[in-house]
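We call the chains A, B, C and D, going by the order they appear; numbering starts again at 1 in every chain.
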């Protein structure tokens, strides 16, 4: 019987190695796998390459950071690939000091590189970024009269994903804008780990509504963690 | 106003942009003043708003706490609503709409716009470490039309309407129109053309606040 | 008010020009826009490039052909881009006689080229077809230790699409395996025309269930045409 | 059977393949004998079947007319059912599963397999006009494992187990195992290795029916 449910966070995090590339979904607080990020902090893997829409924000002195920002602050991140770095002053400092690498890329290119990794497309051309700093070192070729740059697929060793509903096959349904990067990171991850608010009986998720079929999912942890919060 | 004209405020600029968006268009409104423009599009004028994080048919902020859905945020992570006819997609499908040329219009904030349509709106230095790009480059390249909304000059009086951008580019030759607190300018093969100015402002006064040559 | 519904087949077919590239969805009979294909036959456009999974089948002598096969038989097709040509003996003959071109390509490459066209990706690399006849004349580059070939986006001037449910904004929901090429052809078509079994009030299609958002759709014709048939 | 052994029929070959598919695998079964293999996987052994036209978790043919859903056909356009846990996707997402390396196994029919793992299964001539490729090239390249099921020889006695394929290739070096009506062969760095034969068949007899050198 296929049963991708795991009983504990330790089981969910098992086998994530130092040096791994970890894809972390979420946009704002919606659809972000916060509990799994905390689990990864606890698990201890280091020298990570993080792929995440935003490098997080550093709060005022004395307030604890969390998630991506906490991993960075703890020095566990070798490199971050992201679209927003500005609000994390610690990350900016680490980059200036040469203690962390940062690759800031367009959000659509990030999404497309992830989808490409999940779909067997090793590289593709795009006009986004052509003629800008993003194009540095990249092959340029003209299509439809516009310069396009060659971008590479961005696979992950691990993907951390948040879903609203899941079943034991790993089928996933998301909530509203909580969908965001979750489906494409699930596709792009070699080991895709899901925190799900609700576990449903197999056969009760309507087949036309399933967004991420279980083929893209390895582990499901049942964690009803409540509603997303606003940034504060 | 000793100068004889009154620059638009943020709301005024947003309203001015909104007035030009026709019914039936698919539109992405960038962070800042562009987002405000949504409030000035009457509900009965059906404009379909896109948000990069996977929303098509975005509605206004919730009218009351009862309407708040914490799972429904826009690209600025503000809580919003969904209109009848709206739908959700994942990030790659959302950017397929952007990059595939399906948006009629994108309205972006800007630092600088050049007379060749170049846009700089994401970074003020090529060596900055704390960069952020977000969806700006995808939107600037992908939408059928790109309008920019910005103050006509920087806070210390430097021009933003330029012959060539000095900041790192967001995209080359993408802008078709600029809305500032002083004027509306079309980017044409012959450079900037003024199509509207705030009452009391002369072309000469506008030119004095611009680096690029303006025509009318 | 946005209302993409059209009242007649003539209105649905208006403006399709000679020489157009027409994408035709469907796999087997499920999700195939048969009525629109008949409408196109009636409308008269010629010198068409058809992009379709199967070039159709020619029936026994005396039995009428339909759809793709009929368009080909009528000499209205300059070129067909497809994955199955064998069952259409007329098409094979026209190709041998030099009266029609045929490009037979892998089905996954067809799907990816359509999705690329809808997504602003002008070209991409894929290992599918490398080292085969499909690779002839194509650029080869190695990724992950395997040869890959460069494939181009495949946009259409027109896409003919079938949906189970639609609303006046052009949002679409498909039925089971009737989904197939419909969503990606809708994305790839400059003018996307839909035949829909059911028209629903705006706001009644569940937002998480919409598969093709209306942004990809131009015209919707209400045509409750019954269930798909088995090939016979 | 004067030869002292009994070749497998189509059902026998399908059953032989099915016996080797473990629970939990994601599997695409190609047109022909591979499709038959589904009937020999017991329901309680959860194998998730993929069909190129957008079905994951495909079930068997409808047991009765009441169960027929004309909107649910497999890649051979036969009417099928959906298992609990099954779902539908569009063609690009379906081939993302294939091309992205997510299928544990694809079972394909074949014309020829070579000792270097090359497969020819789509055309018998480079100049054929009535070609069909379908999903074969994508599956052959994309799945983690490719098994081929075919008669050991052609109808007129020509070998299909070859040193090099003479027909146009479907994909190079993709096959890991071949199931024929006479034997099961693994493709190894040292060429074909026989891992099973029908009762009564000797390796010498199998070799006589193969062009490539076989080892045991």
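Criterion: a contact is a pair of C-beta atoms (placed from the backbone, for glycine too) under 8 Å apart; a residue touches a chain by one contact, two chains touch by 3 or more.
None of the values given here were measured: they were computed from a predicted structure.
A.B. asks: So how far apart, in whole Å, are subunit A and subunit C when each is placed at the average of its C-alpha atoms?
C.D. replies: Here the centre of subunit C sits 34 Å away from the centre of subunit A.
A.B. asks: Could you tell me the distance, in whole angstrom, between the mean C-alpha positions of subunit B and subunit C?
C.D. replies: The computed centroid separation for subunit B versus subunit C comes out at 36 Å.
A.B. asks: Provide the C-alpha centroid distance between subunit B and subunit D, rounded to the nearest whole angstrom.
C.D. replies: Roughly 55 Å separates the two chain centres.
A.B. asks: Just curious, how far off is subunit B from subunit A if you go by their C-alpha centres, in Å?
C.D. replies: Averaging C-alpha atoms per chain gives centres 28 Å apart.
A.B. asks: What positions in subunit A touch 2 or more of the other chains?
C.D. replies: 112, 115, 119-121, 126-128, 174-176, 207-208, 211
A.B. asks: What positions in subunit B touch 2 or more of the other chains?
C.D. replies: Within subunit B, residues 82, 88-89, 92, 95, 98-99, 142 contact more than one other chain.
A.B. asks: Report the topology of the inter-chain touch graph, choosing from line, ring, star, complete and other.
C.D. replies: Chain contacts: none of line, ring, star or complete; other.
A.B. asks: Just spell out which pairs of chains touch, all of them.
C.D. replies: Inter-chain contacts occur between A-B, A-C, A-D, B-C, C-D.
A.B. asks: So in the complex, which bits of subunit C are touching subunit A?
C.D. replies: 112, 116, 119-128, 141, 143-144, 148, 173-176, 207-209, 211
A.B. asks: Using the touch definition from the top, list the residues of subunit D that touch subunit C in their complex.
C.D. replies: Interface residues on the subunit D side: 51-55, 69-75, 77, 79, 82, 88-92, 94-95, 98-99, 123, 126, 129-138, 141-142, 168-172.
A.B. asks: Mind pulling up the subunit B residues that touch subunit C in the complex?
C.D. replies: Going through subunit B, the ones touching subunit C are 23-24, 26, 46, 48, 50, 56-57, 82, 84-89, 92, 95-103, 142.
A.B. asks: Considering the complex alone, what residue numbers of subunit C touch subunit D?
C.D. replies: It is residues 27-31, 83-89, 91-92, 95-96, 102, 104-112, 114-115, 126-134, 174-184, 211, 227-231 of subunit C that touch subunit D.
A.B. asks: Hey, which residues of subunit C end up touching subunit B in the complex?
C.D. replies: Listed in rising order, the residues of subunit C that touch subunit B are 1-2, 115, 117-121, 167-169, 171, 187, 202-203, 205, 207-208, 210, 213-216.
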